[in-house]
Amino acid sequence: MLEARVKKILRDFPLDLAITVNPGEILVLMGENGAGKSMTLNMISGIIPPDSGLIRLNGTIFYDPHGGIHIPVEDRRIGYVFQNPAVFPHMTVRENIAFGLRARHTPTSTIAGRVDRWLDTMNLSDLAGVKAGMLSGGQQQRVALARALAPGPVLLMLDEPFNALDARSMQDVKGFLRQYVADEGIPCILVMHRVRDAKDVGDRACILDQGVKVWEGRPGDLPGMYLTQERGHPARQLETRISSLTGIPSSITD
Amino acid sequence: MNATGMRPERLRHTIAIAGAAALLLLVTLYLALPVVTLFFRTTPDLFLSSLGDPDVLSALWLSLFTSTVTISVVVLLGTPFAFFHSRSRYPGKVLVDTLIDLPLVLPPAVAGLGLLLLYGRTGLIGRYLDLFGITIAFTTLAVIMAQVFVASPFYIRQAKALFEQMDPAYEQTARTLGASPLRIFLGITIPLTANGLVSGAVMTFARALGEFGATIMFAGNLPGVTQTMPLAVYGGLEGNFNIGITIAILLVILSFAIMMAFRFFARREVSRA
Amino acid sequence: SVGCTSGAPEQPVPPPTVAATTPAIPAVTSPPIITAAVPTPVIVATTPAPAPATEMASGLVVAYTAASLKGASGKLGPAFEKAYPGTHVIFDLDGTQILKHQVESGAYADIFISASNTYTSALTNEGYFLNDTVKPLTSNYIIVITPAANPGGISSLADLGAAGKLLAMGTKDVPVGINTRIVINNLANSTYTAGWRDQLFRNVKTYETTEPGIVTKVSLGVVDAGFVYESSFRAAPKGTLAAINVPKGDNALQTYSIGVMRISTNKPAARAFAEFLLSTNGQKILTDFGFRPVS
Amino acid sequence: MNATGMRPERLRHTIAIAGAAALLLLVTLYLALPVVTLFFRTTPDLFLSSLGDPDVLSALWLSLFTSTVTISVVVLLGTPFAFFHSRSRYPGKVLVDTLIDLPLVLPPAVAGLGLLLLYGRTGLIGRYLDLFGITIAFTTLAVIMAQVFVASPFYIRQAKALFEQMDPAYEQTARTLGASPLRIFLGITIPLTANGLVSGAVMTFARALGEFGATIMFAGNLPGVTQTMPLAVYGGLEGNFNIGITIAILLVILSFAIMMAFRFFARREVSRA
Amino acid sequence: MLEARVKKILRDFPLDLAITVNPGEILVLMGENGAGKSMTLNMISGIIPPDSGLIRLNGTIFYDPHGGIHIPVEDRRIGYVFQNPAVFPHMTVRENIAFGLRARHTPTSTIAGRVDRWLDTMNLSDLAGVKAGMLSGGQQQRVALARALAPGPVLLMLDEPFNALDARSMQDVKGFLRQYVADEGIPCILVMHRVRDAKDVGDRACILDQGVKVWEGRPGDLPGMYLTQERGHPARQLETRISSLTGIPSSITD
């Protein structure tokens, strides 16, 4: 189980968010551009330190400023795909996927087999030997997904994972993710913008606005007005408006 | 939005290309002509007799040996240094940044004097080494130390600039994948900046190969032990300077072959990796 | 050094009586207890030097030598090695002042050849030499050189003081420059005028730190004339330079001296080398290179 | 996946940090100590008397003047040169790449000789200039030419490495927006590589400031006209080492102040732009 | 009108494509990851030279190897947003948008006003003075769109423009694009993967597979099997299969 409460003063507003994701659960994080979704994932992953808060995964504290704890990114065993795939351009697709396995000292004998499986899963087998910098956008996105999943992370965070995927790949990845997260029993956070996608893969959804959670519930209940709200309303106002529409209490505490 | 509307653009384009070509020519000629001129001052005879001179040959080998050691030391220590330096924050970082630039502004002879005052027998460190019977000054080691001192800031500066310009997303991704700093350094940072690093290494190698002032001051000018090619060139300028020029040309040709081979090899390694 | 860490400093050895022409009379009587650190020049001298087993002149001689002897050194070394089979001389050539500083910083040398009395006496006073071995070696005179084509039309010393000539000379701190100034002052006093001297200095386009710097500029014709030692004129390729002599009475004698270093671990060979240079054979070679015997 | 499972990782982490710290210390000390040692050889008296010596002062100004002109010329011509060179394909590109590296491997004195053979009164070009009464040798211009020749390859190499490592998407986007090569160069390429360029410029400035061998060979050594600080330092070393060292320290302190100011100013400019 | 025929040997297959886009028309380009969509746009824009072909916009030849014509990118007056937004990170949002106007020598007096209008259209007014490198992914995407549109291009090409946009921005941009292209009467090519999006904005759609056009028609007619086709079938087979299902002739000629 992931329990995270993170606070950080951003340029335009303070981010203050508490989220909990259960093992095997997919939490969909939605919200306007600039609401703080990517920043949240960066803080949970450890890439950017929060100003304060507490991050705990399966009982292990990742971050606790009072206890002086800040587990470095590389020791958190997360699978994190950034909004921009950032494949290692100088490595082949195979090397990209094997990178995390090697880094985590997976026995060499098993690496080839596992990489093959991921190549197959992400439909990249034909491109195994190609330098990842020489791929199309969607192909790179699939490499990034396979690379993050291959080492068997204990927490999965994907920032807009369906971007750039073709229709078929998207279907595949959606189905695969549901299955994978359930099988592995790991908490998973997906950032996305489309209600349709949230309904397809999410167990729970949560809407961020200017750094605070303004709605949380089942993806099927995602308020239609989310799509048509007026811009620029202060978060609290919006929260009130949403809660009055959806009947969900306006303050969701950790 | 028609063909005629594009004419001024096309004209500007043509002018730009002509200007660029002129600039390329100008800079290249300025840098190449003086070197080419040197070739007119040597003769095949001089060349062969230089090649047959045992002092010149030993200087040649000594230069190659010391410069190779120097560039190895500089790359092996300077690359991780630049990496740590540009990736970490620590108290006194600005001071370190300042201190490592110091050798750059020192006239080489004074740099050699500083080394001598430090490591010479009566030097601040040298006097203690002397108690253990260790002498550094006036040995081949001193040649290498002088070269490292004078040339390494060039490499370190270039490496730092490249590391700082690099997109941080690659290293961050590698961290999420559990890679240790060492693995990130070797597997991500170095390959992604390899071309620039090779370029910096070539520059540093050249600086080490041409090093004169600090070497002659700190290491002396002893054939076979500390007399590198630039020192032999200096000797050769005495009397008939065509001899010095010939030795210098030998140095240029040789170092060129090495730099080319090095670059070629490094490029291949990089693209293979 | 590791091998020589105990014992009292060597006492001055009484000068051995040797005929200048007799090679290699054994001279070392005391054990090689030395205060310096470098027995032989190797990468890092951490191993003791092999103590000289025989008293014959053999083995390596390291000669710290003033740079202006570069040309002569190419002949002197082989000639000595031929006369004393089993020996080998290597010359470390640089400006005397640098050599002196290096020796003071622990550089190992068997022989020191200085181009200036000042440095010789300084090193002697500091106890670096075997005092009995310090001798005047040779001397050098200032000469005026012009390019063979003589673009400045300089045919006499008087022309040096004519407006519009381009001249090169040594800086006021290097030996050749010091002597050049003495010569000019002498000439101004004896033959020419203070006006000649002032114009001459106005004509100077560059104060060089090395003699080759002067020779190069003269032989390439970028200056019309320069002041150098005779030895430099002789070392230049035939036909590139012309010379104008300075009358002996106005000239400044530059005296070179030679001495065996106290730290030498190969004193027999070092002494033999010094004596070879002072012998008629050695002096002949020096004369060939434009040096003059010490009167 | 528990706290204990992380211990070896943490240990490695601690070792890595300790190693990094040791490396930082080692490299910094190696480069800084010889310079610091020099400070022990001077006294306030010497320092003040050097500052009062008109030759030293004129050398100081000359050094500052020539190095400033040099770095301006190198940056103004070298930056577009590196840009065109790395962005265009033309026949003989490899040759140009090779030729502009030549000055790097030349011992400076030989570089000066090459310049003299080319621009001297009897030189290949100089003899024609002489017909028009133009003399380059022994002028301040010659000092600058020598510095440009010796120092510019350092800048050009660094600029090329930075331009080549840059993500091409920015320049391509700018092209689709109709930007001319000049606008792309000034508006996109330079700002995105500015930190590295400044670093390269500082390196080149330092190299020019410390230039000795080529200057004295090509430009000569005349106080007030061609005697830059390194030449004055050398003169000082010939007389009394401590005087030479004092002048060198003056040079170091001064160039340091300049480099710092320059970097500070450039950083601000960049972040303001 | 844009008429383009481009051929290029790619790593995995040859690309050979002929497309025509009428003034005011939005052509949607779809197809698997790696089918050659981005490559096609790169060739039309002039960033990558084709091996052969002919590109003509409104009668002006951009590219014709027989005539030795290759108009440089900067003279084609296109608006092109790459798959990766590539905002100029060192410039503010305002400077990013003004860049193309300045480059095309728009009178300075009118630049500020036009930029303001685009800031407003893309809902970026609050961020006008912020360095574009300091923006969230979706904010950057909006900057890239505004930057490409501001100079008034005569051809618009957007590679997956809806990526990273939040739900509301996507709606806005879709509506805006339809209006804008129609008003300006310029040809427009949009690359995307979702049939839904194609139906929302496209006048015509065309499916690429391994470098060749395998289907073309109205977005409303997009074959459902496009989403469920089997992978790896050679293009021609697929084409036959598609045409047999849709009734569209298997060879669409230029």
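Order of writing sets the labels: A, B, C, D and E. Residues in every chain begin at 1.
To be clear about the criterion, contacts are C-beta pairs under 8 Å (C-beta built on N, C-alpha and C of every residue); 3 or more make two chains touch, one makes a residue touch a chain.
What you see is a predicted model; the values in this text were computed from it and never measured.
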{"item": "Required minimum of steps from chain C to chain E, each step between chains that touch", "value": "2"}
{"item": "Fitting chain B to chain D on CA atoms, where both chains share a sequence, rotation angle to nearest 5 degrees", "value": "180"}
{"item": "Chain whose Cα centroid lies at the greatest distance from that of chain A", "value": "C"}
{"item": "Euclidean distance of C-alpha centroids - chain B vs chain C, Å", "value": "34"}
{"item": "Distance from chain E to chain D - Cα centre to Cα centre, in angstrom", "value": "46"}
{"item": "Centre-of-Cα separation between chain D and chain B, whole angstrom", "value": "13"}
{"item": "Chain centre separation in whole Å, for chain E relative to chain A (CA means)", "value": "28"}
{"item": "Contacts with 2+ other chains: residues of chain D", "value": "13, 113, 117, 123, 167, 180, 234, 237, 241"}
{"item": "Multi-chain contact sites of chain C, meaning residues that touch two or more partners", "value": "98, 101, 216"}
{"item": "Multi-chain contact residues (two or more partners), chain E", "value": "72, 74-75, 77, 84"}
{"item": "Residue numbers on chain C that touch chain D, as the complex places them", "value": "95, 97-98, 101, 151, 166, 168, 171, 173-174, 204-209, 213, 216-217, 220-222"}
{"item": "Of chain B, residues touching chain C in the complex", "value": "116-117, 120-123, 126, 130, 132-141, 216-217, 220-226, 235, 237-242"}
{"item": "For the chain E and chain D complex, residues of the former touching the latter", "value": "45, 47, 72-80, 82, 84, 86, 88-91, 99-100, 102-104, 144, 147-148, 151"}
{"item": "Contacting residues of chain B [partner chain D, same complex]", "value": "12-13, 16, 20-21, 23-24, 26-28, 30-35, 37-38, 40-41, 77-78, 80-81, 84-85, 88, 90, 96, 98-111, 113-115, 117-118, 123-125, 148-149, 152-154, 156-158, 160-162, 164-167, 180-182, 192-193, 195-196, 199-200, 202-203, 206-207, 209-210, 212-213, 229-230, 233-234, 237, 241, 244-245, 248, 251-252, 255-256, 259-260"}
{"item": "Chain E-touching residues of chain A, taken from the complex the two chains share", "value": "11-12, 30-35, 37-39, 83-84, 123, 126-127, 130, 134-139, 141-142, 159-160, 163-171, 193-196, 226-229, 231"}
